[in-house]
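Look for chain A in each of the two complexes below; its partner is chain B in the first and chain C in the second.
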Partner chain A sequence: MNSQSQSQSQSQRRKNFKIEAFKHKVELDPKYAERTWKVLEHAIHEIYNNNASRLSFEELYRSAYNMVLHKYGDKLYSGLVATMTAHLNKIAKSVESAQGGLFLEKLNHKWADHNKALQMIRDILMYMDRSYVPTSHKTPVHELGLNLWRDHIIHSPNIQARLQDTLLDLVQRERTGDVINRGLMRNITKMLMDLGSSVYQDDFEKPFLDVSASFYSGESQQFIECCDCGSYLKKAERRLNEEMERVSHYLDAKTEVKITSAVEREMIANHMQRLVHMDNSGLVNMLIDDKYDDLSRMYSLFKRVPEGLSTIRDVMTSYLRERGRVLVTDTERLKDPVEFVQCLLNEKDKHDKIISTAFNNDKTFQNALNSSFEYFINLNNRSPEFISLYLDDKLRKGLKGASEEEVEVVLDKVMMLFRYLQEKDVFEKYYKQHLAKRLLSGKTVSDDAERSMIVKLKTECGYQFTSKLEGMFTDMKTSEDTMLDFYAKQSAELGDGPTLAVQILTTGSWPTQLTAACNLPPEILTVCEKFRTYYLGTHSGRRLTWQTNMGTADIKATFGKGHKHELNVSTYQMCVLMLFNSADGLTYREIEQATEIPALDLKRCLQSLACVKGKNVLRKEPMSKDISEEDVFYFNDKFTSKFVKVKIGTVVAQKESEPEKQETRQRVEEDRKPQIEAAIVRIMKSRRVLDHNSIVAEVTKQLQSRFLPNPVVIKKRIESLIEREFLERDKADRKLYRYLA
Partner chain B sequence: MASRDRVRFNVGGQLFETTSTTLANAGRESMLGALLDESWNPGQPEYFIDRNPACFSTLLDLLRTGALHIPSNVPEKLLYREALYYGLLDHVRGAKWGPFDGNTLRLADSVPGRAPGDGTAIRGAPDGGCCVAHGSVVHVYNWMLEERRPISLDYQQVNDVGYIDANSIVITARERLGKGDGGMAVFSAATGELRHRFRVEHGRQPKSFTAGALSLAGLDDHRIFSSCKGRLNEYGIGVWDHNTGQQVDFFYEHPGCSLGDADKLQWLPSKNCLMVATLFPRTDNCFIGLLDLRDKSIPWCWSDAGITMNLEDKRVLHAIAMEDGHSICVINQYDDLGFIDLRAGNTNSAGTGVRWSSRSKLMNQKVPYEESCYPKLATHNGQLFSCMNDSISVFSGSEHVLTSTLRRSYGGSICDFSIGGDRLFALHNEENVFDVWDSPPCPII
Partner chain C sequence: MRRSSNRKSSSASAAAGSGSTKAASKEFEKIDHLFNVYADKSSAIIDPEGIEQLCSSLEVDYTDVRILMLAWKMKAQKQGFFTLEEWRTGLKALRADSMSKLKKALPELVKEVSRPTDFLDFYSYAFRYCLTEDKQKCIDIESACQLLSLVLGTQFGPQVEKFTEYLKSQSEYKVMNMDQWMGFYRFCNEIPFPSLENYDSDLAWPLILDNFVEWFRENQN
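Moving on to the complex of A and B:
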């Protein structure tokens, strides 16, 4: 056929031979385009009708190529649009007619068909896509196919609303527990996404979010009326997880943020205050009952919404402050300092654990906890004393047998409380007193623990804070060496008199004590004098004063029936007991006269000798708990004990009594004065001129690591410095101070 | 199994046998890929294709080996046309030249122009095409070096051109007094159509302007920068988003640093700054500065103002920021390269800070030619390129050693050159000829 027609046209041309004018373009048979298009149109129909197997790809491709090559691209393109539109309208009818639940199935099925057809049509028209489409600003075939599907199927008036309702209804059914065909849902949402993110958003996502928000608004209202806080949070968490799971199964990943934020808003943000403050199950109850799971859930849920964590934090802070305030002002608790501090430590441990297990170790929560402790610990001005007493207790006996690590843990915890203290200098005062007592009585559990504590204080507060404390340790060591030397040199002279152990304390390093020397028994006095001669002989220019109130003595006593006991007593007690070597009964006044022990100490010492069961080496008349000045004391001949060594402790005042407290306070205040003055001078020296408020602020800043200076005191110190001509007031502006070099 | 893989073609009467594995190299988005796709009745004993067998043979060989060998009897343009039919044009382009290396460049082509005036600029497209600005018209060539429709912006003097992508060319043009024309616009490289005209607003008022040097931020950053001169002293750097076409920022000129007249803009992603260079002879005093657009500051700048200059003194004629972002390379009229350290803080002190190399002695050219063009600089993959007179020098390595020189016998001195799409394009001053240099594909062994 082909060769025949060719020869025909050749013969025709030969007949009408003429020279034609040169044409730029060879005109094609105008019917050729129409014919070629018919072939292609037919192919498109066949593709949509699943009859593609009879088509020749090569022929169709070449046809489309030829149409484009011969400038029939417009015809090809508009023909494609028209043909495809016609098919899609047919598809729309068929989808519309689908009954009830088959609607989505049908749509999905047709969508798959359309995609397959589109792919094949694009194959045929590939050349058009590559050359005609870009130069004529048309939409590429694939995109065109999607756009037409969107306009004629998805946005068809009979489909659009029905599709949306069907999808939303399925989601709603799944939320209420039904099982739905997730694969079908995924295909349909994927179709919407393929049609462009705006189609997905407008036709599904927006209404989905609206419906979800109102659903959760209603549900949360219902939950909050009938659930306690813990189970409400559980429900909210479950709903949140469900929505995330839904997104992962059949929605666009970008929807996750939107739907979760809707759930968060409706279920959490809108009910936050009510949840936190819920009666009997709110945040405070969870804290009290250590409900780690509930707290952790609340944390992770609230973290998702704005202001969520700060809501938790605020409630926790005010609860902690109130609880702490009650704790530190509870007069019952104040009776036992060790118990008091232990209570604080327990409180700290409890909430540390809550923050670490339930609140993800959140820094802001830790800060809130710290600031709460700082707030209430300083509400009680005895806190520094009590903390030192707690340490004293631990270092005396509490840590006996504890491993090094355990000791460190306890000390670190106490240091934590120490950090909260504003009046660190007050703590230092007490710590020094308590340390001195421990060292002198040899009661300290472990030297290592003591030194470790000093190191901690040093790292916390610097060298000057601990220099005196360290001096005390040095004194102890030197004393030991001195005593060895004394006995080595003087043993011949001393004979078998009482053994003396002297601790030489540097004045200033140790807490200053009123040196109310008592009258020592003559036997002791002789040895003491010998030591004094020895010591002053080896160290010139020193002065020795006996601190009899701080010593101890071991004495041997024989009671009735020849019972022998070794008594471990204080120096004061020894002085008293020695009197009974020469007398059986003595009145209080006689004892006081003979020993000259200060009344308060004497009463305490007599009390411990006569009134403690099992240790009553003296007998008192009348028998009573308290010592009065009319009492008479007798050597208790009937004293027995199953121990050979009997330790007679002094009834030590654990806490300071009110007057002592006043005294300590006064001493602290006195010590602060030079520190405040030094700070003022330092500041003024560098600033030269400064107004009152700035000085107060700067001084407070400089000193706050040790204590919080009172502005009134600062003002007084400034006035004193003006009097002493370190500073002067500015002539013009009375608020300004000048530094006088 | 082996026979199943085999595919027979009858192309224009000539038989070919190949395998579907070989044809898979064509990709699904090609005619051959679609032909063998399972949606089209595959497994036929023989496929007929009504096309030129010689070209098919060449293209099949390309699919088999990845290398392009055009027999002498096949005209190149014919092969391109056939490749377009099969959808294999990108394969051909990819096999025509290899990865760019300044030291292996060969002259691929010389394309004569017909423009009346001096060339202004030449720019390489990302796909290996190029465009040449001559006076008020930009001639556009695809990678096959076929000329497309020339483009112009109201037939105004073109100041700079650039490719946003292979199909979008942005040009900047001068504004004619009182006409409100010129400015800056994007054109389609394929059709030459005007796509979008960029506007400048000052105080919410749209104003006409003269756009000068161009720079694109590149990659995911859609910003495009141009130096701008408005009528009412609205001098500075305009910033647009080429995705939206909207103006996003304007950096008004600070006193003492000339921005609206800049010769060269370059975005430095590592510093988040725009380098602006305004150089001799446009100004008497060279200014190079880095602009921080976020806070409208100039964190670094350099100037040679204040040094008494006579004509023999070394003057900075072109500048380019090095790819490492640590220094700016400059060039003078003696073809000396110099470096200014960007890390040395603000070296505002007049004219100091340039470390000149002494290459001028090496080149032994004390006085430049009478008919010379100003030298230009470019960088690519760690190599530095400079043009001076009729040759381009290639410097390699961290010490910038001179490693190659590219020179053509005719065309006169080079007025501009550009690297793009793994090709180097050099525009000559006389006869408007431009040369295309590229690296050969990797050798067989």
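Moving on to the complex of A and C:
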């Protein structure tokens, strides 16, 4: 044994024990390789010539297998490439030669063939695909086939442009109304996708999008010149749907969002302003005419583009604000407060319906509506009063016979308007006045409706807002009980006197009206005094003041020919009428002196007794419409009415006259001062030191549920508090205020 | 003039105290002597008439601001009157015990007052000095205008002129309180005039100044 073999056997012993597969050693000389390749080459030809049926798959597979096995993979692969390329070039020429419409068909047909061939070739060369291709980093057969198709057919100079033009031309024709072969288109685009998404994009999609953009740019320009807004939007919608349908039928799904955004941009985004503001047919006209379909279409189309919905919203908002402003400043309309409020409610209803029907109940639109209403309702500082008057009308007669649900609906709608008010404390003042009149005259349509309204106000504004209102209801109930007790205990003494019904009002709960009592007729005075004695007997320490401006009376009157009527009148009217028991005629001044009723009330009173047709129980000389201090009044013997009971009361709530309005406003301003001061003190007590702006902001926030405080008034209150030594200016930084404990 | 009896009473009352007061009365001898020149005999207080005489001795006008400064130095409580205590306080602080020394001390006093910290004190004193009634907190606008001219006229002439013009032309405010008085001084110091460029009514300026600024800006155009 020489040393070499020793080391060899040693190395052999060091190697791991291995089992080797049994190799059928077939010697392949180059000539054999060439022959084998020729067989395969021939097969490829036959496949391409549609003559594959006569080939033996197994034999071909084995040939290919052997070639690879014996390290002739390179030859096989390059041969494949060459052969395929040659065939594809032939195909290219064939496709190029096709005329007109047959071009695409031929291409499609050849493509199908190619795929079939490729499949077969790949099957045959599967071993090469699996072993040679990966290790030598070559493209797998199938992919190779596609790439070669792409390079030699699709990107062939005579085909590439023509293909693109043909496809785009077909699309154009379809857009202008022709019917095209969609199946064929489908196959072609699918082919491009199969070749790689970049091929699809570069050779078709990008030019498609460019051409589409300019097509729609042109079309939209044309439409907008000749169409009204509604029709334009219909057309735009149609085109949009068309494109989506096109994609689903013969384009790749990923193209959808690209083409739709092109259409959206060209047809909608670029013309948004013009569409919205179009004369006679734009957004505002649609809103006015309740064009739900058009509005709905505009909403869904504009939703697709940036700033689309905000454009609609902004135009709607400025329209609403302007419309509202006109409404609340229309002097004609303001003459009838109930009509005025009804008008506002109608506007709200109308636009609520538009938002729910056409704008998909979009919350941002709802907010825009609310802010617009809030803006213009507060432009008219009589809005709080008018809303209260509207409610008064409804609760007094408007809701008569209405079901519980109907009542709730109306009250809820009014609450919506109430929420918009900045000066809720003004509303409170008027509501109290009107409620008082309703309660005292017994003229309310339903107690439940009244209470329901109070509950709603309480929910909205808190207990403080409604505690006094509830007090009023309590007083009414207590008074009823008191009267029962009074008559039970006093019936013997009262005898034949007039029947008294007293409502005892707790001062502070009821609106204050500091008018002195007028002179009551002696019969009434007597029974009133009896009541006073009775009441103070059971409630010592209290003080009773007769409010003669708020009462009513039922009087039996006999007119000429013995006609008897029962008149329902106010206390003032009763005082006046009773005077005519002892005189047939009286001058204004005599009446004024005898009753001591304040002038303005007296004039109103006399007017309702003498100047209203059907209620003229008094006759006036001269017969003018207005009451002057020189007038003379006579008992109207000739009064007739088909009703036995005649109602002449004037205690109905009315729109205030200018001086009354000033007075109420002044009272409101006075009431606000302590509220502002209380807020300032509360804030400073907890914060100790604060700068001016922060105080103003905090005070505003605290009071916003009642009213919007004027910053100047806030400053005045602060200075007043400084003077009264509740606050001081900080010595170090005079921009700050400091709380003085 | 029952000078001797006065002196006796004053020294008697001084003697009633401790030994130091004897020295004190000696110290104040000249000052008291000067006091009695102008004081009313029955009340033992310098009254308005006495102050008038004092002014002519000092060769200053009755309405001169220096008298006000003197009052400040004395910490005088009531306008138009100087008590003995106040007289003593003031003259001792000025180191003057004769008319000539007092006269010489006046320019010094003026300089002292115009120092910022002292001026602030003087300024607020001037307002309080005008409150004649017990619980009075405000002075009428007319007097306020006069006082402003007197006290701030030299330092902030233009502002005072415009402000007093405004005060006289408006009818909303009939009186001025301490807060507004002090606010005006701050205004003069912090806000450039007549540009008023950094005036912000959202800061804690008294409302009367907000209104003044608004009036001024409107009348400029």
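Convention: the second predicted complex is superposed on the first by the 707 of 741 C-alpha atoms of A that agree within 3 Å, B and C clash if a C-alpha of one lies under 4 Å from a C-alpha of the other, contacts with A are read in each partner's own complex, and residues count from 1 in each chain.
The rule is simple: a contact is a pair of C-beta atoms (placed from the backbone, for glycine too) under 8 Å apart; a residue touches a chain by one contact, two chains touch by 3 or more.
This one's a predicted model, so the numbers in the text were calculated from it and none came from an experiment.
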Partner chain in contact with A:N367 - chain B first, chain C second, else both or neither: neither
Which of chain B and chain C A:N241 touches, first, second, both or neither: neither
Touching partner for A:H692 - first (chain B), second (chain C), both, neither: second
Contacts of A:S197 with chain B and chain C, given as first, second, both or neither: neither
First (chain B), second (chain C), both or neither touched by A:Q704: neither
Contacts on chain A seen with chain B and repeated with chain C across the two complexes: none
Touch list for chain B against partner chain A, complex: 29-31, 34-35, 37, 39-41, 47-50, 84-85, 87, 167, 190-191, 193
Contacting residues of chain C [partner chain A, same complex]: 137, 177, 179-180, 186, 202-204, 206-207, 210
Chain C-facing residues of chain A, complex: 691-693, 696, 711-712, 715-716, 719, 722-723, 729, 734-737
Chain A residues touching chain B - in the complex, by the definition given at the top: 52-53, 55, 57-58, 61-62, 65, 116, 119-120, 123, 126-127, 130-131, 134-135, 137
